[in-house]
Amino acid sequence: MKDYLYFPGCSLKGAGSPYEKSLLAVFRALGISLTEIPDWNCCGATAYLSVDADMGTVLAARNLALAERADGRDIVAPCSGCFLALSKAKAMIAEYPDLRAKVDDALGRGGLPYEGRVAVRHPLEVLLKDVGPDRLRKSVVRPLKDFRVAPYYGCAILRPYETVDSAHVPTVLEELTRIAGATPVDYPHKARCCGGMLTTGVQSVGLRLAEILLDAAKSAEADAIVTTCPLCQYNLEVYQDRLCRSTRKDLRIPVMYFTQMLGLAMGMDERTLAIDQLFRVPVLACPAGGRA
Amino acid sequence: MALAVEKSEASTASWEPRIVAFFCNWCTYAAADLAGISRVKYSPNMRMVRVMCSGRIDPSFVLEAFRSGADGVLIGGCNPGDCHYKEGNYKTMRRAMLLSQMLQDLGIEKERFRLEWICASCARELQTTVNKMADDLRRLGPLDWKGV
Amino acid sequence: MTAAGEAPRIGVYVCDCGFNILGAIDVPEVVRYAGGLEGVVLAKEYKYMCSDPGQDLIKKDIREQRLNRVVVASCTPTLHERTFRRVVSEAGLNPFLFNMVNVREGVAWVTEDKARATEKAKALIRAGVRRVALQEPLEARSEPVNPNVLVIGGGIAGMHAALSLANANSGAKVHLVEREPSIGGNMARFDKTFPTLDCASCILTPKMTEVKIHPNIHLHSYAEVVSVEGYVGNFDVTIEHKPRYVNEDLCIGCLKCVEACVYRDARFPNAFDLGLAKRKPIYIPFPQAVPTKVLIDPMDCLYLKLGKCKKTCVDACEKGAIDFAQAAVRAQVKVGTIIVATGFKPFDARRKPQYGYGTLPNVFTALEMERFLSPTGPTEGVPSLKDGSLPRKVGIIHCVGSRDRNTNEYCSKVCCMYSLKLAHLIRERTGAEVYDFYIDMRTPGKGYEEFHEKLLAEGLKVIRGRVAEVTTSALTREEKGHLIIRVEDTLAGFVRRIPVDMVVLSVGLEPQSDTQQLRRMLNLSCGREGFLQELHPKLAPVSTATDGIYIAGACQGPKDIPETVAQAGSAAAEALALVHRGTVEVQPYTAVVDEAVCSGCQVCVGMCPYDAITYDADKGVVHVLEVKCKGCGVCAAACPSSAIDQKHFRNAFVLAEVAGVI
Amino acid sequence: MVAKPKVAFYWCASCGGCEEAVVDLAEKILDVVAAVDIVFWPVALDFKKSDVEAMPDKSIAVSFINGAVRMSEQEEMARLLRRKSGLVVAFGSCAHLGGIPGLANLTDRESIFDWYYRKGPSVSGDGGAAPATKVTVPEGELELPEFWDAAKALDQVIDVDYYLPGCPPTPKLLAEAVGAILSGKSPPKGTVLAGTRALCHECDLNATKPAKLLISDVKRVTEVVIDPKTCYLAQGVICMGPVTRSGCEALCIQGTMPCTGCFGPLDNASDYGGKALSYIASIVDITDEGEARKVMAKVADPAGIFYRYSLPKSKLGRRRARRK
């Protein structure tokens, strides 16, 4: 089985820890080892980017360079923000020589060469392309029957690089949902902004976007939203009560990670998958808990 | 047949490479026409000699060009499979492979002799090819061939 | 010394071409320089060499100055070499003692710096003069032209060309090849045509019938050209007829077989209706199909698929026309000229997923809408939603796949007009409120802008802006259950969300998907968009780089019906001109063998793709069969003894040119 | 009795094979000796340069000079003989085209000295020693011939009347040439005293060529067991027959050895190597670029193969002079 380097990034070590727990559990169960990139640093996304874009790129490049030095295996970057930041850095450095010079200079001072050899992968890709639907299906011991899922991709893993899936009509999460034995519901917002960035700035707008999403998922009669991004998960989950009050609509719905969904289907318990750390624990029609 | 090398009057202060280009009538010469019609500008260092098919180009033409003062020679033909005469360009391809090697053995850098497939609608490709070659030659400097 | 023996007296003529050359090159300086070149007795500048005065100037000098060589430095030889060769021969000089130097396309139009352009022009003229001094008189060969013409494609272009040719009664037989079971092309799918809104089938159907019955036209429907060998005047064409499993000669199109088919109801998508309507395994593509013959789809027919069926169709056919044993048959025809009219393919709307084609209900392409609007179409002329109800609001999105870096950068030219037409018809048939989303409204053409005005007067809602997406993502109660079109209204300056019931995508025109194979088969070239390349965009719009092959209609680029018909007419005229002349001039650039030098090594024999070289074992030398030689010169380059040379492209000529340009 | 015409033989940069060719005249040499008076032949007779200098100008009827001109001394002798002779015949490939010594033009003096006097594995000592044009000995300072940067064919230093091609010329051609010249039936100046067509014309194997001479691979003699009854080219073995002047009666080919081109180019050939290269590349019937590249790469050292005997007389003449 293929092994990978692992770039957790800040959020998986913080608010996104359920993501990390479930991810590691699922990958371990599938016999895939993830080795943390030694001495990794901030991916350079968001805040840094808005202060000094080049420095943001350099930060990302350092992680890539460290990965090359480690052994050059593919990097798995679960957080959408990190995934985009690293992919973007790799692409831009390859395209713009002057940027490349800056990067070389900066890393050079630390005696760190950068060649751009390593690939940046998203866990979804790894699951569906490397492991493959067949092995996944085999690993499912408890199909999540009658569990209606609203797949939610967020923005970053589809745009601008459509490496994971099409930005307009993505289908991988649906496929994974079916593999887990659950039912994907169709709704038009699956790749739209969750409002995440904005809730910290222009909150009214951010919350409106979250509301649209939750409303759509609810009216599609989903039992849960399954997402790929810690920020989306957080943003869609924490404001639910407030939105219910402000909009007088029932917008309460569990928001879980795709790794948690898969883990459940693989028969893992809620503690292992840190589902108990979610605000709202999804209610499964089928018996919960360890292997049946 | 020996040729007298006649240097051109217009004496430009900075040295400019001379590229002799053999273009096939159907693809690359047509591309050059298209470049003209579409006003696609390229380096005037390249001077075209039209032949009906790139397969007409006798390697001796190329040697003669270098001998008489060319700094670079460019051959332009139809893409593989597109030859107006079915397979002339394949002969050109093989001759060019051998010739390029022989020229390098004689100390003529491979940048100085190029074979490019440039189709009738490839005005842009023509432009990039010619400009790049001119730049390469400027970097390499004059060939100024001296015989024995 | 020249081939003719006497010392060269060369006249050099440099053309200003108005300001085209004069503006970019120091012409007087070039003329001064040319005057001093060896063998040049006079060098002149003139405003337009190709004009009558320009031509007379040359003739006069040839006569009075006893010029025996002429060089004209002007545009590319592909444009005017013929002209000037004619000129010199009219003055009694052999046309091949003329040489054309390309200082317009080759220098003036492609060079920034005037000084360097002038230097380059001098070099090219120097080369041209050295070359012409060596050139020798030649006789152009002429070969007979087979009067028959091949027309590839039975759309409006192909049919019009075929009829124009056939009506000339030139004795020419026209072979019209259509790969679909019926001729008519895309135009047969339309209900009305812009801007006159006259009924497409009313003007098309008679043409189709005429094609069928015309004594001078041999219609090969449901057939494809599989190979073309030979050259102008003498093409050998292989046509493959696909099996209809129905004997075309016996079938009278009574359709009894169709009624009798074991399949009670039509359940297979009908290609002519783009799959919107269904048909049986045995069918005619559409009521007015020509030829009006049924055919069987082997993928659907029980018998052809599984080998067992009651074969009720066979019993139903009084003529006994049904023939399950039928197989593809190949026919050989000889023609002298070829007209390519293979048309276009509509842009695949799936390539713009944000518009929801194929994923969202009630999103259709314009061509599908044409079928909905056709009285013989799936909805008998009244477009309706999937649930059968009539749309109350319809959005038409322009430039789908066109003027777009991600798909096609070019403008497909006809979409604005057909969108307006569709808007009018949809409104007329359904009473729906219609919105047109456009980037620029392009309506050049007779009566086109007036049509636009008429539509605006009718209350068409036009919104200027490239549509961002079509979505079902409703934000308000009103939007729920509708298709929402998100667009930045570039005139109002804000983003609009317009809920509609139905969306029509005005897809652009693309080259047929097999254009590349066709191009190779016929030795043509394609422009960067993939449409077939004309010889000259202005002066030879229907000719191609391959003599005797002409292009008409949308295979050359997007165009509307009037333009297509006009092109088809001129292509027919070009072909007829050749037929009428009866012979073609073949450039005498053939290979020649110096038998005193040839060692008979036979390297050349294997070089010639036309088997024009034969080995004479008795003499131990090779001979070139001039009629077979196409003049590529590959053998000359390969000849180890330099015993083979190419007329007009002799080693000496090329080397003289090389010396000249350096 | 009338004085017999005087004849001189001289060798420049050569292997001595041409001298052998003279001896190979066997008994015919007696006729020659009977017919002429050999006044200078360093390899066989003891004459000195001063003896030649003493002769009146044009007093020698014919001088047969073989070998390439590589050193100032050889040029000096060539000029001297030119002055003293009515006719000068470039004798053998080296004098005719530069020959095998001409292959030295694939490099230059500096590189040659470097290898032979400094870097070569067999060089011992400090490797400081290298040929010089002056050397001081107890008796005083001696002047030595200069080793040129490039080798030349004879007619690149003096005017030549006739050429006898071959490495070496065949006794038959030599006899014919001598006969023709002495009998006064001398051909036009500059004539190459051999065939006028390429070798295939007189090669027996030419008849065995297939209808289309196309090959899918090129082989070196070491790679195959050549079938002596079939055209070597048809077997994929590179043979210079098609580009090379006839006259040798396909001797090598009769010895199951493909022609290597010692008789050199035909009168009107643009460039020997260019032509050889062109026809080989042309008959290799491969259209796939990758495949073609593989096969073409098997033509190792194209310059060496195609200019084996004629580099100095080729269009480019030598490897590009090194930038100072």
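Note that the chains are named A, B, C and D in the order they appear, and that numbering of residues resets to 1 at the start of each chain.
Everything that follows uses one rule, which is that a contact is a pair of C-beta atoms (placed from the backbone, for glycine too) under 8 Å apart; a residue touches a chain by one contact, two chains touch by 3 or more.
None of the values given here were measured: they were computed from a predicted structure.
Participant: Report the chain closest to the protein's overall CA mean, measuring from each chain's own CA mean.
Facilitator: B
Participant: Which chain pair shares more contacting C-beta pairs: A-C, or C-D?
Facilitator: C-D
Participant: With chain centres defined as C-alpha means, what is the inter-centre distance between subunit A and subunit C in Å?
Facilitator: Measuring from centre to centre gives 50 Å for this pair.
Participant: Measuring centre to centre with CA averages, how many angstrom lie between subunit C and subunit D?
Facilitator: Centre-to-centre distance between subunit C and subunit D: 59 Å.
Participant: Centroid of subunit B to centroid of subunit C, CA atoms only: how many Å?
Facilitator: Distance between chain centres, rounded to whole Å: 31 Å.
Participant: For subunit A, give me the residues that contact two or more of the other chains.
Facilitator: none
Participant: What positions in subunit C touch 2 or more of the other chains?
Facilitator: Only 607, 634, 637-638, 651, 655 qualify.
Participant: Touching two or more other chains, which residues of subunit D qualify?
Facilitator: 270, 275, 278, 282
Participant: What pairs of chains are touching here?
Facilitator: A-C, B-C, B-D, C-D
Participant: Quick check on the complex: what are the subunit B residues that touch subunit C?
Facilitator: 1, 3-6, 8-10, 12, 16, 18, 20, 26-27, 29-30, 32-33, 35-37, 39-42, 44, 47-53, 55-61, 64-65, 68-70, 81-82, 84-88, 91, 95, 119-122
Participant: Could you list, by residue number, the parts of subunit D that touch subunit C in their complex?
Facilitator: Subunit D residues touching subunit C: 196-201, 206-207, 209, 211-214, 241-243, 246, 266, 268-270, 275-276, 278-279, 282-283, 285.
Participant: Please name which positions on subunit B make contact with subunit D in the complex.
Facilitator: 1, 58-64, 66-67, 80, 87, 90-91, 93-95, 97-99, 101-102, 105-108, 143, 145-148
Participant: Can you name the residues of subunit D that touch subunit B in the complex?
Facilitator: So the residues of subunit D touching subunit B come out as 98, 105-106, 150-152, 156, 270-271, 273-275, 277-278, 280-282, 284, 286-287, 289, 292-293, 296-297, 299, 301-304, 306, 312, 314-321.
Participant: Okay, in this complex, where on subunit C does subunit A touch?
Facilitator: Residue list for subunit C touching subunit A: 353-354, 359, 469, 471-473, 475.
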